[in-house]
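Okay, got some structures for you below.
You will see two complexes here that share subunit A, one where it goes with subunit B and one where it goes with subunit C.
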Partner chain A sequence: MDRSETIAVIEKCLTEVLKHEVTGLREDLRLFDDLHLDSTSVLELLMVLEDAVGLEIDPENLDMDDFRTVGTLADFVERSLDGAN
Partner chain B sequence: MEGSSSAAREDGRYLRRLKAASTGAADARLVFLCNFEAEEQWAVGHTGLPAPRFPVSAALVRRMEELGATLAGPRDVLLLSAPLDEDFRAHARAAGAALPEVLVPERAAGSASTAQAVLDSPRALAELTRLAAEGAWLMPMGTSPLEQRVAEVTGLRLAVPDSATFERVNSKIYGRRLAAEAGLREVPGECCVQVGQLADALRSRYPAMAEGRPVVVKDAYGVSGKGLVVLESPEKAERLLRMVGRRAERTGNHRLEVVVEEWLPKHCDLNYQLTIDRDGRVEFDFVKEALTENGVHRGHLMPSRLGEGQVAELREAAAAIGKALYADGFTGIAGVDAVLGGDGVLYPMLEINARLNMSTYQGGVTERALRPGHVALARHYALTLDAPCPLDRVLGALGPLADPEGDPAFGGARLVITCFGTLNALAGESTGAPFTGRLYAVLFAPDRELLAAADAAAEKALSRIASRGEPS
Partner chain C sequence: MRPTVLERVEAYLPARSVDVQQVAADMGLSRHQARLMHRVHGLDVLHDDPGLGLYDLVLEPARRVLAALPDPSVVRYLLYAHTIQEVTPAHVDAAADLGRLLGLPDAECFALTQQNCASGLAAVDAAGELLRADGDPQAKALVVTGEKPFSKLARLIANTTVMGEASAAALVGLAPRGFAVRGYAVRTDGRFCEGVRMTTQAAQDFGDSYAAGLAAVVHEALGQADLGLSDLVTIVPHNVNRSSWLRVAKELGIGPERIHLDGVARYGHCFCSDPFLNLVALREQQGLVEGGHYLFAAVGLGATYAAMVIEHLGG
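Showing the complex of A and B:
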């Protein structure tokens, strides 16, 4: 999965969680402040991400930094996929 | 501004009643410790939904302790992790707040909580020991082991129950069981304490979910908006079950303390407060409309638009809840979340927050500024900043809305800031990087239309001082 595909998956997942169309994400957009993700929707996002990329994520081992921006979340997904392969 | 102060010189009726119920004496001297983080302490050792442990708002939640400033009386003491801003003092005094004596523990910097800072600070402990000898009481938002330790070390009597009692009565599982025993109309649902029970509870609802009736799973010890997930489809429920199942296998801990409830279509959320005095007498204090988004609290509108019959039903529920809490060893203030369903059915007990609530702390400001027949909105404004923002800049942006006389453009609507420390609470954590702060306020207006217009104007004015992003 290349970077643009990873971002596309994140857009698809955010669309499902936030219940509105999310497209054209810039990597520096902040998930909480700019996209209005909140503590409730983080768990939902993780569940959707698991399904979308076939990952198993342990929420309790996550670092806040992974959820700072679209870019850091993409890094996290790519790292997790590398680790899983 | 100090010269034009209209600050009260004695406790208002609301505070006197709170003191009488909690201590037996309306003129008691209270030491306020507004530990909004208490719920996280009660949650320790209870397994809830899997959740990332984001310490994002710890510093911000802590600074909500300043909300005690406009409730406490002139003889009371407020423990804070940082002094009150001088401009905020002037603003609060102009709104009629007497302001308590503020005590900042000398080792507050870098401490995890204000109670811990007190315990680490010999001079603060000595001062509190002196106050205890003079008969003062400790009034935490709720007692966790830390506040209990402060009481034990200083000799301050607790104006509220002990830590174990708070932990017991603040579980959502406890609340549902209490409602069932008291015969209150419950939101259809059930309590789970094991992963297998959650699976059974969810799977029995798949046909209903497939027909468009979602369920919500809430942590027994979830804090406002955290620890809940709404499941609209069996597929989503299975995702959650996979996640909790995996964790249980990995840790060997199959406990899971949650409640599962139907996610009802609703007309509005409600919040009411009751006070249980030391002799078990229960008083219904008020009911407000609660503004929530996806389960996250956004503010309160008062008075509510409920009819007399609906308020009477809430009064009855408050009496039953108060009686049951008292029988379980709890006294003091409890907030109760209720919901008026979309079908007009009132569900009088969604959740009990047996502790002081946001509404409790706003009581002083509301008592002084809410005129008969007028309306009020208590909320916070979120501002994204890249440097600390002084209060005069906030007041300058708000213009006449923040004046004691109010803004003639909105029928004299007026905004009173109830907590300023939260605006810049996260500034120290990021050097130059944007941070989001919160400005807590109560807005007063002659009617709902003017209130909404004044709120929109306040939001727009504040967005101009935000460095980037939109206020939310």
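Showing the complex of A and C:
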């Protein structure tokens, strides 16, 4: 999965969690301050991502720094997928 | 001052159990929100019996505690600690009914509820104060817990936990046998007084300050007992979820294995009963260390943080 595909998957999953269409995400957008996620909807987003791309999160070792921006989340998704493969 | 002592503790779980994700789905949570309760929050099974009445739930462990007493009339106080302020219709005094059904006609019976799920520990503390003021060294108090998650509002704390059914009873006295209370710290942070009706911002602030708030009372209770975290056999927690306890463990600088978290998956969060229920489970599963110190911890929405250090005296 290349970077643009990863961002597209994040847009699709955010659309499901936020219940409105999310498109054209920039990597510097902040999940909490700009996209209005909170600590719980971020976790719901992870569940949606698990289903969408088959990554498996480790609930014992979640680092909220991974969920600062669209870019750090994309890094987390790619890292998690690399670890799974 | 003679310490408050938990002379005997019993707990009860309805036999029927249900999958937490099924309960979550039945309440209208999305598939992902329901899975979150299991994958991230560590909840698995709840005990729940719709056919079991409130009084039958609460009375079961209370009767076992009283059956071990040669003379139940020494019980002068019955404290019913519950999370939800109204567990019965307004004209019904549940605590008085429980006293009557337990055969304690002369006991002073009342409810204690304002600290929500931390009210069980508050009731133990209050019982100790009442007994020290009573004048009769043989007098006892009975603290009972247990309530029904009778609606979605009572059953669910959004994105946090799903409530299960359990009950507990603790005979409180001043005799040196059982578990002596060596420290008790409690703090209420009124910013979060709206409880389940908190604004999104307040809920966020509560989440952000939760670990530090709970860690502070843990340290304070340990300080009263002149102990450190390493002196504890284990922390006996409330079962709100695993994820918040991981944050508290990090805040305390300890590994999660120092907290007895089995109850989260096995029972879910059972209002005020969790610490007592988990203590009884520890006793039944692996035994308790005589002379060992344990720490009860509970948080009530509202928000009250509570920690109680107990020493197992044996007997």
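What we mean here is this: the second predicted complex is superposed on the first by the 84 of 85 C-alpha atoms of A that agree within 3 Å, B and C clash if a C-alpha of one lies under 4 Å from a C-alpha of the other, contacts with A are read in each partner's own complex, and residues count from 1 in each chain.
Quick note on the criterion: contacts are C-beta pairs under 8 Å (C-beta built on N, C-alpha and C of every residue); 3 or more make two chains touch, one makes a residue touch a chain.
Computed from a predicted structure; not experimentally measured.
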*Kindly classify A:V42 by the partners it touches after superposition: subunit B alone (first), subunit C alone (second), both, or neither?*
first
*asked:* Can you tell me whether subunit B or subunit C touches more residues on subunit A?
replied: B
*Touching A:D34 in the superposition: subunit B (first), subunit C (second), both, neither?*
first
*In the overlay, answer first, second, both or neither for which of subunit B and subunit C A:D58 touches.*
first
*Can A:T72 be said to touch subunit B (first), subunit C (second), both, or neither?*
neither
*Would you sort A:T6 into first (subunit B), second (subunit C), both or neither based on which partner it touches?*
neither
*Which subunit A residues are contacted by subunit C in one complex and by subunit B in the other?*
38-41, 43-44, 46-48, 50-51, 57, 59-60, 62
*Report the residues of subunit A in contact with subunit C in the complex, numbered from low to high.*
16-17, 38-41, 43-44, 46-48, 50-51, 57, 59-60, 62
*In the complex of these two chains, what residues of subunit A are touching subunit B?*
30, 32-34, 36, 38-44, 46-48, 50-51, 56-60, 62, 64, 67
*asked:* So in the complex, the part of subunit B that touches subunit A is made up of which residues?
replied: 49-56, 225-226, 228-229, 236, 239-240, 242-243, 246-247, 250, 294-296, 384, 434, 436, 469, 472
*Mind pulling up the subunit C residues that touch subunit A in the complex?*
30, 32-33, 35-36, 39-40, 42, 158-160, 200, 203-204, 207-208, 242-243, 246, 256
